[in-house]
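Structures are listed in the sections that come next.
Shared chain: subunit A. Partners: subunit B in the first complex, subunit C in the second.
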Partner chain A sequence: MALLKPFSKLPCLNTANILLVESEEQFQQSLADTLVEETAFTVNVRLAKSLPLPMENEESRPRIDLVVFIINLTSELSFQSAEVSLKNLDPGYFLGKVCFMVTNARNASVPTERLDAVRKLAASLHCPMLFAEDQTPDGVTNATERLLTILKVAAGFVPMATALYLSNLTRRTAPPDIEQPSFD
Partner chain B sequence: MDDSTKRLLQRLIRRIPAQTLRTTLEKWGRLTAAQQRSMDFTQPKWALSEKLLAICEENGLTAKHITELEMTNVIDNPNQGMWYAFQLMDPEDDANSIELTQFKEQFKSHLRELVRPVSIKIKKHTDEAVWIRIAWGDSFSRPNHLKPTYVVHHLQTPYVFVTSLTSKQKPLLSQALVLSARYQAIKDANLSGRKLTAIRDLLMRKYQQVFPTMYPSPLGERNQVVSNPHIEKEQAEPAANRLQMACEAFGDGTLPQLQTVVYKLETKFRDHTNKTMTEREEPFSCVVKFASTNLLESLRHCASSGIASTPVTPLLSSILQKGRNYFVITDNGSGPSTQTRQPQT
Partner chain C sequence: DRENTIYITLISPGSGDRQNNGSSAVTSRSINIRVNLNFLLCVSNCEYMNMFKNQIHTVMSAFPPVVEAGTPVHGNDEVERHLVLVEKVAYSKGLPPEAISVMLEFAMSLRMGTVLCARVLRCLIPATVVPQEAVVRAVVWLGVGKIPMSTQVLFIKWVLTMFDMIDGKDQLRAIYGFIFSFVTEENLCPFICHLLYLLTRKESGKSFSHLRYGPFIQRFPQFYSYSLFLVFSSLLQALLTGRQPFLMHLLSLYKVLCPELVTLSIPSRMRWVRNHNSTWKSTLIGVQKRNGSQAASSIGLAFTIKDKASSRKRKHTHLQLPALSSVVNKQPQSEPSSSRKLVPLVQLHSFAQLLENMHHIELPAQMGSLLGSSLALQYLDFVQDESALLRLNFWLGYALYEEFLFCGDGGGFQNSDEALQFLNKLLSTENFLQGGFTSSEAFLYKFLTVWDGSLLRPQILALLSNIPVVPSSQIGRLLFEPLMQLFFTSSVFFKCGLVECLNSMLLKWLTWHSVYALEDDLDISLKSYTSINMTLSGFKDSVMDLVHFVGQLASVGLQLEGCHSLLLSFTLDFYETVCDMFLKYGLPLVVMPPPGVFYPTLFATDPISVDRLAYIMYRYKVNLASAKSQEKLTEAFHISSQTFHEFNHYVVVMVNSLWNSRMFKPDMDLKLSEELLLKSSVPQHWTSFDLIHHPAFMSYAIDFHQKVTFLHQKSYDADILTSIKLTPQSGPKERFGDVTTFPSFFRLATCLLQKHP
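For the complex of A and B:
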């Protein structure tokens, strides 16, 4: 199975391509509907349940500018599926072209270990982690706006800013250890 | 009216749901129009019950009429209580040409031969089902109207649905049914549930079945239609395959609202890390129960979203294939047959 590579294809004029990976295939649909409403440039959304992507679509698939992993914190399966999918992504993507989006973080039934595990994962890969609310249209709109901000940079529409530069500013850092001595 | 009849009426009024009380009384037809109008249905149930008691005494109604009301109520609200399905086996030559009057006479005479006294009421519903209400008595007491058994039989089919039957009454009812429906035996269909409509639809296959085909029609219509050309699903084909296999195992469209399925395992314990359990001679008995408001819908969703692996295991698909929801699984060959049906794609 070929890995998804960031720069192996030519970009299209005024077009940005985003790939949403979600094991449950729910939130990605509403996000996609809102994302394509962007008028400043054309947004193409590809939806997937997991990576690797099927070989049959290899020819018709455009260059993917941003890969978003949507993890539902109430489901362990969602997290595990995202972890497995990460392995099928070319390392070149992790220089600012991958983003994590996490839903249901406020839910009381979510074990804290899972949120910490996702945080650690995002920190170790130097990727930004966004929290989103998927049940209301407002939540979807907010999440879309934030994704579009990152997508614009990743697709090269913002002058003087590259995906790598942005990721240095927005990446998740590992939560500090409590036992570490503080310097006075 | 004597005390037992009064109690019967009071209990019945308590049981009839408040929303349907007026229509049920109208269907019963034993109240005059003036009496029906005089009942104020906004009052609490106990007040209505007293009013109705007075009206029934005025009209001189007996227990027989009260039981009619009960039967009307049960026919209109069949989804209460536990229903058990039975299947008649080995039909005689004329089993398929039984008609209603013949069945009624035969059933009443056979049951009266076996049990005396017994109160039997038979009514044919509009959808070809024969409803039978039986109040059992014995040589020491009159028929007990507080614990009646209801039986639903569809003529010309081998299926019978029963509720509230004790183990003592079961052989008597079985014999009467077998003789009057012209079959040779009756067996337990291993299907039970709270909703009569659900188990009836399941057993008589009143749901949309999907058959494996060589050239399936374009399934893009059944998946969520992505109207926007900018949105594209990468894994549309595997998703469509999963949906097809889930529908083959569980049917399409609205499914009967089955609520539980129980698997009784009598298999040997198989885990190599636990020596004490694997070395035991006797099988490890365990009961697995799945429960949901609409079990078949949930299982179909599990299969189509990939949580359950496809092709669907015969343990789950035989719920619909065999029309049962109680399975006993032993080591060599389970309750459902072990052969898998490979769908052609």
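For the complex of A and C:
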């Protein structure tokens, strides 16, 4: 059992490393393509189907600054796979270096229970949960921008801000019960 | 509950069992409701039932059934072949109205058993319209009771999905009571309630008036429609065990129509239920797309207010605003007792006509069509018809939920600009009515939790800025939490957009306040399109929460974005609104900006920001001074001394750093140790943020110096900058010569020279 650790390796100059974990490997690729277009600093994107990562590349693998779990809400498997993979992360990652990216949240075929389950998971791990529109180019660009915003902080490029600081601002406290807001 | 009992007892048929029936109506609800309801139906519908039974016979003889009742289904290749053909046509072009009639009749009569019934229902895609008679007949078949429950649900779902395409609603309205009777079926109830909601209108009772009255009604003929509502609403209230949203929606409509009958308090915001069947809808969309404008124009019919719009392709049944059509305004078959003549809205073409017919206007069945017509909006705005607003809200909530939250595969609408047009139309309506709709507000709260921050951003943010005041207890959960997460994970442009949106939200809240505060002193009630009553202190709490929230967003946002000047500018826009809340909008509340906004602005590198900060501080000063003088006079409100303290502190800091060259002195917020300052080897470090050396104004100082040396024919001497002496006594004129060439300087200097409280 090889835990992925956030501080076991030294960082490289002007380089940020992001790991995208998605069991279905659909959104991963397009996201990676746009992520590497960033010019202000070097972005290394690593793709994985699930965690733990294989042992063979252990040496050459750089320090991972941000782990993103992509969950497709239309598939139960996608959520379950992310849940299992989470166990292979060092607790240090949960101080702001993990985020969830959820797709297809507005799809009619998604049961509300699954969305709530993902919300609960993110809330219990104190991680931000981003929603993405993976079908349109604009949606992909925007998802990339938002990941880069978090990555910049997680990799230490923003003075006076740390990943823990940002995650304190962006995490959800509890899954909201928006369904029936009664003011009376 | 007692009242309900009495009402129900009143309409019980026999005098002998009246007592029993009435008292047990509450205890064993559903049975007795059934009993009473059956009686009611006998009264109201027997004539209609007979009529339609006759009609069914005539229709059956006119369209002789293709198959005999009881023909075997299994292994019947001929039926299979025909059905496949029908399905093929239905899915490609849609079925003509006559075919819909025949097929619906075939399915609902269960002539070939229940298996085929569901299959036929699934392929009933209309090419143009659905004949009303066919639907009415099918509803009658529903009462026979042989159809399995799942198929009954399927049928009502079909009616709901096709509701816009039914070519008239008057006959359906006539069997309102009959449809109502299905409310007691647990599985059907949500769908029946939705259908009833769509059918309920102010005039609902009228169409019954020509029927022969029952014994009770005969005694009170003038209350016929009223008594119907009485029965319906008391039955609904009796049925209500929890807070089933479908029942609540219908009850809320009844409450608007007959407020005295519904004793329950209805929450102003309710959950939406999904009743439509998305497979039909997507097929329908596909069929309409293929048929093109032809279908649209045949639905829109002759009378449309917008000429061009009706020929637009219908891609999304819900996103497109239905045209104001005259179909629904066909006079009911017989309505002799209607003394008042109603004028359909479509027949009015000018404002003068609207004024003439103001008191007898008939609203269209499709409330969504009101959004597209300016006359209709003027009417709505003037009359403040609550039932119309409620129905419009219902339609809108439904459309928004269906199209943006429960999309088909792949979201569907994203690549079309229909969604854009729809939201723009909604926005212009909200701007016209100067208020948001409760349904769009409820939709936004839900949408924000799944929003990616870029989809339709301008429209969503504009809609968001229209929402009415949110009570302080809810504002954090509904608004701040989702917004905060979006704000801190998005780009700087989103951050700017959100701050701008919150600024315009605050402006609208304050404007509402100033309008309503004028009306009834300080106790305001914000009616506009919400039914929230809010006290002044509640309003102040909400505003304070909003200002503090933006303060928090701005301070941390500025820090994360390295004091981005664009974000700073939007933040200052916001504080320009905040600083004038007392004088401009009469709200006795002054909230100072947090240090996270004040200091980055004071030490900003662009002169405009510093200048605007000086202006904001000046307006704070004017507001505080006037608040203090009024406070002495009336003692109606109190500005906390903490606020004065904060303001004075900020002014002292500003004056000390810009004017007195006393930076880094012990009484300032910025404390740096003496050794560190010495180590930095900056000569005269205490002057480094005064008006001449401030990074924002340095270029002005150099420019001024160059002009002076040019005039005096001297060579450029950098030392002259340090030789210009600043004293608190000297005015700006002595120090900078003709200061009007530096407008920002001038305003800043005059601001600072004002005495502060």
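Keep this in mind: the second predicted complex is superposed on the first by the 175 of 184 C-alpha atoms of A that agree within 3 Å, B and C clash if a C-alpha of one lies under 4 Å from a C-alpha of the other, contacts with A are read in each partner's own complex, and residues count from 1 in each chain.
The rule we apply is simple: contacts are C-beta pairs under 8 Å (C-beta built on N, C-alpha and C of every residue); 3 or more make two chains touch, one makes a residue touch a chain.
Because the structure is predicted, anything quoted here is derived from the model rather than measured.
With the two structures aligned on subunit A, subunit B fits next to subunit C without clashing.
In the superposed three-chain arrangement, the CA centre of subunit A forms the vertex of an angle with the CA centres of subunit B and subunit C, and that angle is 90 degrees when rounded to a multiple of 10. By the touch criterion stated above, A:163 is placed in contact with neither subunit B nor subunit C. By the touch criterion stated above, A:53 is placed in contact with subunit B alone, subunit C being left untouched.
Legend: residue contacts after superposition of the two complexes on their common chain; A:172 is shown touching subunit C, with no touch to subunit B. In the superposed model, A:29 lies in contact with subunit B only, and not with subunit C. Note on subunit A: of its two partners subunit C and subunit B, the one contacting more of its residues is C. When the two structures are aligned on the shared chain, A:142 is found in touch with subunit C, with no touch to subunit B. In the superposition on chain A, contact of A:128 is made with subunit C only, not with subunit B.
Minimum Cα-Cα distance between subunit B and subunit C in the superposed model: 12 Å.
No residue of subunit A is contacted both by subunit B in one complex and by subunit C in the other. Contacts from subunit A toward subunit B in the complex involve residues 19, 24-25, 29, 32-33, 36, 42-50, 53-54, 56-57, 61, 77. Residues 224, 228, 230-235, 237-239, 305-307 of subunit B are the ones that touch subunit A when the two sit in their complex. Chain contact summary for the complex, subunit C toward subunit A: residues 243, 245, 265, 267-271, 274, 278, 404-411, 414-415, 442, 445-446, 449-455, 471, 474, 477-478, 481-482, 484-485, 488-491, 532, 556, 559-560, 562.
The touching residues of subunit A, counted against subunit C in their complex, run 105-109, 115, 128-133, 135-136, 138-139, 141-143, 145-146, 149-150, 153, 158-161, 166, 169-173, 176, 178-184.
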